[in-house]
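In the two complexes below, chain A is the common chain; its partner is chain B in one and chain C in the other.
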Partner chain A sequence: MLSNIGNTLLSLNILIGISIIYFSFKNLNNSKTLIGKKIYHLCLFQSTFIIICFLTLVSAFIVSDFSIITVYQNSHSLKPFLYKISGTWGNHEGSLLLWAIILTIFSFFFLFYNKYHPKNYRIYSLIIQNILILGFLFFLLFNSNPFSMVSPTPKEGLGLNPILQDPALAIHPPLLYVGFVGSSIYFSAAMASLITNYSGKLFAQSIKNWVLISWSFQTLGILAGSIWAYYELGWGGFWFWDPVENASLLPWFAMSALLHSLIVLEKRNLLYFWVIILCLLTFILSVTGTFLVRSGILNSVHTFANDPSRGLYILIFLSLMIFASVLLFFSKFKNNSYNLNSNSKETFILINNWFMIFYLITVLLGTVYPIFTEVLTDHKVSVGPPFYNAVIIPIVVIFLFFMSVGPRIKWIKNKFYNLNLLFKILIASIFINFFIIYLFQGYSLMSNFIIISALFLVFASLMDLYKSLKKQNIELPRVISHLAFGFLILFIGLNYNFSIEKDFNLKVGEKKVFENYSIEFQNLKLEDFKNYKAVIGEFNISKSDENLNQSLYPEIRIYEKPSTITYEASIRSDLLKDYYITMSNIDRSEYYNIKFQKKPFMMWIWISVIFISLGGFLRFFKNAKKYY
Partner chain B sequence: MKIKIIIFLIILNLNVVNAETSLVDSNKIFKNLRCLVCQGQSVGDSNSEFAQTIKLVVRDQIKEGKTEKEIYEFLIEKYGDWIVYKPPLNKVNFVLWLFPYLVFVAGGTIIFLFLKKRDNH
Partner chain C sequence: MQKNIIKLSIISLIIFIIGVFFIGLNKSSIYDTKDLVGQKITNIQLDHFSENRIITGEDLKKNNFTLINFWASWCAPCRDEHAMLLKLNNDEKNLKILGVNFKDKKNNALKFLKDLGDPYDDIARDEFGKYSINFGIYGIPESILINKDLIIIKKFIGPISKDDYNFIKQIVRKQ
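Let's look at the complex of A and B:
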């Protein structure tokens, strides 16, 4: 029954999408300056229906309706309630439905909140957005239908992959999707802007809040994924430069570049075509990321052949999108003469874009390079953390200095440099760096540079923060994001250099002593839980020169549905450091392989990222108050 | 004066860095090796049997006094480029290593020319 409701609503939404496009074209031809009521109503229906459609799927998961194949494959009646719900988007079909929802809701709100912009521009945005919506709805209905039936109805589902049963991963996809699917709306708006020649300041104002909101959510989404990887995958790392992680980072770089150059367009009416390129690029990268992840092309070129239809559809969709946007772009492109002074805020924002594009290209190339080498030369290569670290980190050092100075520069032409102050900040940063080295331990030259430049940004931003709090000006959101970014790099640098990692084998009752630490394997017990069995170890960490006595309980979990073994890390976090233990069994032996890690400042890495996105949200609310 | 202070600090900095011991760090090597039987995990992060074996091999080689680079070369010879996360610079990988810098230089040049054109007006 739920399956029929879902399918009906999907088909209905396709009809609504087509009629919106039809009525929009009709509306373009009449001379009224207002958009017809009919279109508003249709859009409202469209959003309502797609939400109901999604809720239908959610309820199918809640009541465990195994006649629906998606539910059968990804759920189980014994699964905890939260993960029944998050199972809705923890799979290909359900997550595509989430795509469609965000496309639709953004379309409605964009139409609704941009009343003061010209009719044609809004109508064309609506038309293009609806073409995108239709593209996804057709894909949903004919290729990846979340409501497909399975007959006869199975008694029990196969269960959700246990490593996906996690609160951080439950919220990860929705956050990330608001981010990169949200970028569709400025893709549509950019196309509409090219078609209707609606450029400049007003165009910038019409999309700026959408860029801000998607950027902020994208940041949080990446964070949730990273936290999940930290404690669920048992790596102890928070960023692995894994292709799937990179796919979420690529649109983020493009958005960050756009976020900045949009200010130039708004304030100085410059860089219009560059802003358009970034608008188009962001969504294209989002779809590219989805293609790379969903087609399975990234893990191995061969899985692509196993499910060619899915990847092929997205690939065709993507190619059409790129083709249409490139064609339109070049038909409208004019070589404007720009009026830019080398010592101005505009130039520094261009420099920001220059670095962002560099990061983007590096990560994109690193992600897709293995595919090319395998296809072209039959040569398998891995591109991982050491590559990105080697290429990106030296450039980040320069970037951080520009980031500290840029916001202090005036628009149009900067006359006055407070070099003395910057010099003092630099000296202070270098001294603090020495302080860290002498007090704790030395690190490589590159780490020195990273920490000095991060401190430089932190101090420069702290001064800005002080000034902006005193004067109550609107710069506060920017200062918060920049400051948090400085802290992020600083804490990553410290975390990287002061982590302790130890790998050893122990059996129950044994003790491992190294440096000042002593780790005792005290106990091992077997417990039964609702949907898994667990082998739980008890470890005691003590430190000779400190009054430290912590117990940690890493687990090995054995799930029945689907049958999987996962290794659960046990983590003790406090403000300054995390202790992290994972254990795994060694075949045919009573010994366990233990991995102990001490990771300083983990908490602060997460907090920094939250503050980066907080800056985005703050600016969003300020703008919303001003314009709507 | 200011320049002198900065130069002084940089020299001081270099001394600190040199004071570091030049031991081969086994954890770092494990992180730079792909666990061939896992799904996108490094040897350091994996607890598979393959990873355990590679860890033993690497530790033995460190004991034998081999340098980090020699260990990578040894493993590449055995398992191919697929095993190292940092692809060696060779004729297959030179695009990967050079292109990002090319973009960086090109971007800088474009901005520079852009501004110069304007300053001449």
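Let's look at the complex of A and C:
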């Protein structure tokens, strides 16, 4: 029953999409300046139906309707309620439905909230967005149908992969999708802008809120994924340069570049074609990322069951998108020469863009390089963290300095730098860096540079924050994001340098002593839970020179549906550090392999990222108040 | 003119990238170890541990059964399975064991074998873990049981257990 409703709604949506395109073209030809009511209504229906369609799938998961393959393969009647719901988007088909929803809702809101822009521009945006929507609906209906039936109806489902049963991961896909699927709307708008020659300041205003909102959500989505990896994968790191993580980072770089160059377009009416390139690039990268992780061409935690036909479909879709946008771009491109003063805000924002593009290319190369070598030379290689660290870290130092200076520069032409002040900040940063060395212990030369430059940005932004709170017309959202970014790099630097990691084997009752720490394996017990059994260890950490006495309880979980073993880290977080223990059993032995880590400032890494995105949200609300 | 060259090169670059993606899609990547059983291992090329030669598929075709065991001296569970391997090597004349020393130092590996005994008929060396990728190795210990046609019969992830040992014994004695 639910399956029929779902399929009907999907087909209905395809019809509506086609009619929207049809009526839009008709509307283009009439001389009225307003968009017909009919189109509004159709868009409203389209959004409503796709939401109902999604809710249908959600309810199929809630009532455990195993006649639907997607539910059968990814759910289980004993699964906790929250994970029944999140199971909806924890698989290929359901997550594509989420894509379709975001495409549709963004399409409706973009049409609705841009009333003061010319009709043709809005109509063309709508048409292109609907072509994208149709592409995904066809994909859903004919290749990855979330409502396919299985007969006879199984009694019980196979269950959701236990490592996906985690609160951070439950919200991770929706957040991330608002981010990178949301970028579709400025892809469409950029195409429409090229077609209708609607450029400049007003175009910038029409898309900037969409860029902001998608960028802020993308940031949060990446954060949620990173937190999940930290808690669940049991490696104790928060960023692994895994192809999937890279796939989410690529559009983020493009969005960040866009976010900045859009300001130049709005304020100075410059860089129009560059902005267009970034708009197109962001969504193209989003789809490329989807292709890379969904087609099985790269292996990662996100590779759902491999199916080459899926990859082929996305690849064709991607190629059409790229060629349409590139050809349209070439036909409209005019070579304007920009006369930028080297000492102006415009130049500094452009510098930001160069850095972003540099990061983008580095990460993109690292991600697709293994595919190229395998296809061209038949060699399998893997590109790991050493590559990214070597290429990216030195550049971050320079980037942070520019980031500190840039926002203080005036538009058009800056008269002078406040060199004196910046010099003081630099001296203070160097001083504090040496204080940190003194307090903990030494670290590498590169770490010195990283920490000095991060402190430099932090102090420069703190000055701005002080001025902004005194209402000197300095932008609070920007200051918050930049300050938080400075803190992020600082805490990553400190975390990287002062983490302690120790691997050893213990059996119950034994104690491991190293440096000032002593870790005692006190107890081991077996417990039954609703959908898994767990072997829980009890460990006591104490430190001789501090009054430290912590108990940690790492687990080995044995899930039945599907039968999987997961290793749950036990983490004690406080403001300054995390203690982190994972244990795994050694076959036929009473010993357990214990991994102990102390990770300073983990909490602050998460908090910094939240504040980075908070800046985006604040700016969004400020703009929203002004324009709508 | 110059503009056209730029346009043309951009478009050819895009076509090239998409082409590579397309070919990549159809390449069978045997990273996914689940589907390994029943497949034929092709393209075996491993450096011999001590001699200056390369171990290829031809060498393995001479054996009725080969157990390819990936190990290292730094790997604790490898010590765990060592006794099983020694026993297999002693009892089963139908089975040859090829050890692949994975991301290890030569001296440490030799010491490991000296201390615990050498269960291997032949040892190959994969110092940087580069060739093991071809076998779909995630982490070690892992072992792959193949027959003389180089078809994978079973893959063992983690140390060889008593059950695994019995399984191998049963298979190789059938012949």
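Everything that follows uses one rule, which is that the second predicted complex is superposed on the first by the 619 of 628 C-alpha atoms of A that agree within 3 Å, B and C clash if a C-alpha of one lies under 4 Å from a C-alpha of the other, contacts with A are read in each partner's own complex, and residues count from 1 in each chain.
One rule holds in what follows: contacts are C-beta pairs under 8 Å (C-beta built on N, C-alpha and C of every residue); 3 or more make two chains touch, one makes a residue touch a chain.
Every value quoted in this text rests on a predicted model; they were computed, and no experiment measured them.
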Subject >> Three-chain arrangement built on chain A, chain B and chain C clash or fit >> reply: clash
**OP:** In the overlay, answer first, second, both or neither for which of chain B and chain C A:L82 touches.
**Re:** neither
Subject >> Residue contacts on chain A - larger count, chain B or chain C >> reply: B
**OP:** Figure out whether A:S444 sits in contact with chain B (first) or chain C (second), or with both, or with neither.
**Re:** first
Original post:
Thinking of the overlay built on chain A, is A:I357 touched by chain B (first), by chain C (second), by both, or by neither?
Top reply: first
Original post:
Which holds for A:V375: it touches chain B only (first), chain C only (second), both, or neither?
Top reply: second
Original post:
Just chain B (first), just chain C (second), both, or neither: which does A:F330 touch?
Top reply: second
Original post:
Should A:A390 be classified as contacting the first partner (chain B), the second (chain C), both, or neither?
Top reply: first
Original post:
Does the superposition put A:F240 against chain B (first), chain C (second), both, or neither?
Top reply: first
Original post:
Touching A:I430, do we find chain B (first), chain C (second), both, or neither?
Top reply: first
Original post:
Between chain B (first) and chain C (second), which does A:I297 come into contact with in this model arrangement: first, second, both, or neither?
Top reply: second
**OP:** For chain A, give the residues common to its interface with chain B and its interface with chain C.
**Re:** 299, 380-382, 586-587, 593
Original post:
Given the complex with chain A, which residues does chain C contribute to the contact?
Top reply: 3, 7, 10-11, 14, 17-18, 20-27, 29, 31-32, 76-77, 80, 130, 133-134, 158-159, 161-162
Subject >> Footprint of chain C on chain A - complex, ascending >> reply: 291, 295-297, 299, 306, 308, 311-312, 315, 318-319, 322-323, 326, 330, 335, 368, 371-372, 374-376, 380-382, 505, 586-589, 593
**OP:** Note which residues of chain A are touching chain B in the complex, please.
**Re:** 233-237, 240, 242-243, 299, 338-342, 347, 350-351, 354, 357-358, 361-362, 365-366, 369, 373, 377, 379-387, 390-391, 395, 423, 426-427, 430, 433-434, 437, 442-445, 448, 501, 503, 567, 582, 584, 586-587, 593, 595
Subject >> Sites on chain B touched by chain A in the complex >> reply: 2, 5-6, 9, 12-14, 16-17, 19-20, 27, 30-32, 34, 39-42, 44-45, 47, 49, 52, 55, 80-87, 92-93, 95-97, 99-101, 103-104, 107-108, 111, 114-115, 118-119
